[in-house]
Amino acid sequence: MIKKIAASIAEALSDIHDGATILIGGFGTAGIPGELIEGLIEQGARDLTVVNNNAGNGDTGLAALLNAGRVRKMICSFPRQTDSQVFDALYRSGKIELELVPQGNLAERLRAAGAGIGGFFTPTGYGTSLAEGKETRVIGGKPYVLEYPLHGDVALIKAERGDRWGNLTFRKTARNFGPVMATAAKRTVASVYEIVELGDIDPEIVVTPGIFVHRIVRIPRVATQAAGFRMAGRP
Amino acid sequence: MIKKIAASIAEALSDIHDGATILIGGFGTAGIPGELIEGLIEQGARDLTVVNNNAGNGDTGLAALLNAGRVRKMICSFPRQTDSQVFDALYRSGKIELELVPQGNLAERLRAAGAGIGGFFTPTGYGTSLAEGKETRVIGGKPYVLEYPLHGDVALIKAERGDRWGNLTFRKTARNFGPVMATAAKRTVASVYEIVELGDIDPEIVVTPGIFVHRIVRIPRVATQAAGFRMAGRP
Amino acid sequence: MSWRKRTKEELAQRVARDIHDGAYVNLGIGMPTLVANHLPADLEIVLHTENGLIGMGPAPAAGEEDYDLINAGKQPVTILRGGAFFHHADSFAMMRGGHIDICVLGAFQVSACGDLANWHTGEKAAIPAVGGAMDLAIGAKQTWVMIEALTKRGESKLVERCTYPLTGVHCVERVYTDIATFECTPRGLELVDIVEGLTHAELERLVGLPIRAH
Amino acid sequence: MSWRKRTKEELAQRVARDIHDGAYVNLGIGMPTLVANHLPADLEIVLHTENGLIGMGPAPAAGEEDYDLINAGKQPVTILRGGAFFHHADSFAMMRGGHIDICVLGAFQVSACGDLANWHTGEKAAIPAVGGAMDLAIGAKQTWVMIEALTKRGESKLVERCTYPLTGVHCVERVYTDIATFECTPRGLELVDIVEGLTHAELERLVGLPIRAH
């Protein structure tokens, strides 16, 4: 019998090893699996490579993981935000490595990892410093850069609803990197706000089929908080 | 105002030119846009390159288009079926060209066309006659073949429900190539059984967003017919 | 000592016995389809079909067929609670990306080191058709072949080197046959099991290849 | 004759005027966001945001914010009837695949032949952050830039050759500025329009580049 529902976050994250590559869903705060990141901090794995679109907001979640000194390297598209002070300080003091990837190449490299593609020619970044040293090729008169898949050991993602086979749906733009990262990691752990009976998710609307998900954990619903931008009229 | 709903199949297909590459959705008979293919036969374009997983069943639909002598070349993964006599005869008499593509490479080449990817390294077909003469490369110790995107001038697909912005949902395994082909063609025409008001398709469950669809036509519902295999106990 | 070949159903049963609880499995067209009938009822094994469905159920009752709900062989099927539909690029990404645990395929020939030939006899008059065979062969975590060991003319389908056009290179882990089960390894065939009464020496004679003990 | 610069709102209005009915449009972070306020009410223009939404609506009323429904600048937005959500790989496939008609971006510099520099000043101390800028620059059918023509220190942002790190090569079709609108062509800048009272000669002096009549 398939039982992907974990009794606790600690149980779901128990086997993450030092040096692992962790794919963390979310764009800004939408879809950031804050509870799972807190669990990862408690779990204690270190020397991690973390893949996320950003590099943490404020001092909780990913920022707290960075602040705890657990991350050796960030792979992301947009580390600098109005409230990315934790990353900024680590970066400026040389305590963290940064691999900057254009956002679409980041998504496509994850997709390639999940889809068994060995490499792909992308037009994004051609002729820029982010393609320096990379193989290029003109195909059909258009220049491309060769990019490689980005595999994770573990993906931590935030979904909306799940069942014991691991099928998932997401909520609005909190979907973002979640479904792609789920395909790209050896193990995917998803937090959900609701666990439903098998068959209660219409098979036509499953976003991430359970084959890509290894553990799901129910968490209490908390509204996603604003972050990463300056509110009009506020400092 | 966006109005993608065509008054008739003839109107939706009016500007298909001789020599066009036509992507036709469907796997077996599920998702085959039979009504649009009939419309294409009436429309009269010839010297076509047709991309479909198969190469027609019985003597209607794609088989009828082939039989009318309109198709110069088929690109498909599995032409030979129990009822592909029309294609078989054309092929054996040298009247049609065949490009045989492994099914996953076919889907991925269409996806690459829709996604702006210039080429990709796939493990599928490596070391086989279908990769003969193609560039290969070992990446991470594993051998791959370089494949290129497959663009269409027009995609003809069968969906279930649509709205005037062109958003689509599909039915069961009739989904198959439809959503991928919709992204890979300059113009996509979809038949639907039902046209609903804008907003009646939940934005969380849209399978093909309207940006990929140029015309939708409502057709009367007819149950998909069996084809392509031998029923137990029948000749 | 006398021995007899496994029937197709016995062979399907033999394959089914090795599939673990919770496995994601793709059963190829033809004989592998029979495996579905022998999956232990107390296990949950999730069947994938390349045309965009995971969680495939058995054939529908007569009169209940829906030809928008078919398998890769275009035959009507059902969907289990917990199943999901997706499009072709996603379906083959699932296969190619190594997410399917086991794929069971038929074959014309399998070489001792795991090369597979199952899509084309190479006859000039034959219309070639590959479908998803090449994707299945190389995509799953494990590719198993299920065949009668010998052709109708008594030739071994297990060969030193495939003479039919290849489907994939070094991709087959196991070959389940009506007389024995083998592992394909870089050093050649290894025996996993053998039907009762058949000797190792006789098996090697039938297969025409050296077979190491497991 | 006296002349004055377009205000930001006037500039946004000028850009909006060129967007056709039914267009799929991505408005970059910063000044381009203002364009949304000036889209003609009688047209249907569909806004895409890279983080997985097409059919984006205006900001929600105060107190109605949902931070699971945000734009690329992480600000709360709404979704129109007819909109759809999708994941990041699909969203960037939409952009990279040439499905977006128009993308409007800010810039540090644009070269006469359409090179764009808008992600990094190249300062050593700055933490680099590219986001979706490079994908947007090269993906849309047309890439438009919306900028004040001169920096605060009076230097032209239209240049012979970008000195800041590039975002994309030969990717900008049009540059809308507070003093004139230009096309970038292989032969250099072409004038589309100019604010009332500003002479062609004076414009060339301010921009520091030859500008051909349209």
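Here the chain labels run A, B, C and D in written order, and each chain numbers its own residues starting at 1.
The rule we apply is simple: contacts are C-beta pairs under 8 Å (C-beta built on N, C-alpha and C of every residue); 3 or more make two chains touch, one makes a residue touch a chain.
Everything numeric here is computed off the predicted structure, so don't read it as measured data.
Q: Between chain A and chain B, which partner chains are common?
A: C, D
Q: Could you quickly compare B-C and B-D and let me know which has more C-beta contacts?
A: When B-D is set beside B-C, the one with more contacts is B-C.
Q: Averaged over CA atoms, how far is the centre of chain B from the centre of chain C? Could you give it in whole Å?
A: Spacing between the chain centres: roughly 28 Å.
Q: Would you mind pulling out the distance in Å between where the CA atoms of chain C average out and where those of chain D do?
A: About 54 Å separates the centre of chain C from that of chain D.
Q: Whole-Å distance, chain A centre to chain C centre, using C-alpha means?
A: Each chain's C-alpha centroid was found; their separation is 36 Å.
Q: Among all residues of chain C, which ones touch two or more of the remaining chains?
A: Within chain C, the residues that touch at least two other chains are 79, 85-86, 92-93, 95-96, 139.
Q: At least two partner chains per residue is the criterion; list those residues in chain B.
A: Residues 108, 111, 115-117, 122-123, 170-172, 204 of chain B touch two or more partner chains.
Q: Please categorise the chain-chain contact pattern as a line, ring, star, complete graph or other.
A: other
Q: Of all possible chain pairs, which ones touch?
A: Applying the touch rule to all chain pairs gives A-B, A-C, A-D, B-C, B-D.
Q: Touching chain B in the complex: which residues of chain C?
A: By the definition above, chain C touches chain B via 49-53, 65-70, 73-76, 79, 85-89, 91-93, 95-96, 115, 120, 125-135, 138-139, 165-169.
Q: Which part of chain A faces chain D closely enough to touch in the complex?
A: My answer: residues 27-31, 53, 77-81, 87-88, 91-92, 98, 100-105, 107-108, 110-111, 122-130, 143, 170-180, 207, 223-229.
Q: Can you check the complex and tell me which residues of chain B touch chain D?
A: 1-2, 111, 113-117, 163-165, 167, 183, 197-199, 201, 203-204, 206, 209-212
Q: So in the complex, the part of chain C that touches chain A is made up of which residues?
A: Going by the criterion above, the answer is residues 21-22, 24, 43-44, 46, 48, 54-55, 79, 81-86, 92-100, 139.
Q: In the complex of these two chains, what residues of chain A are touching chain B?
A: 108, 112, 115-123, 137, 139-140, 142, 144, 148, 169-172, 202, 204-205
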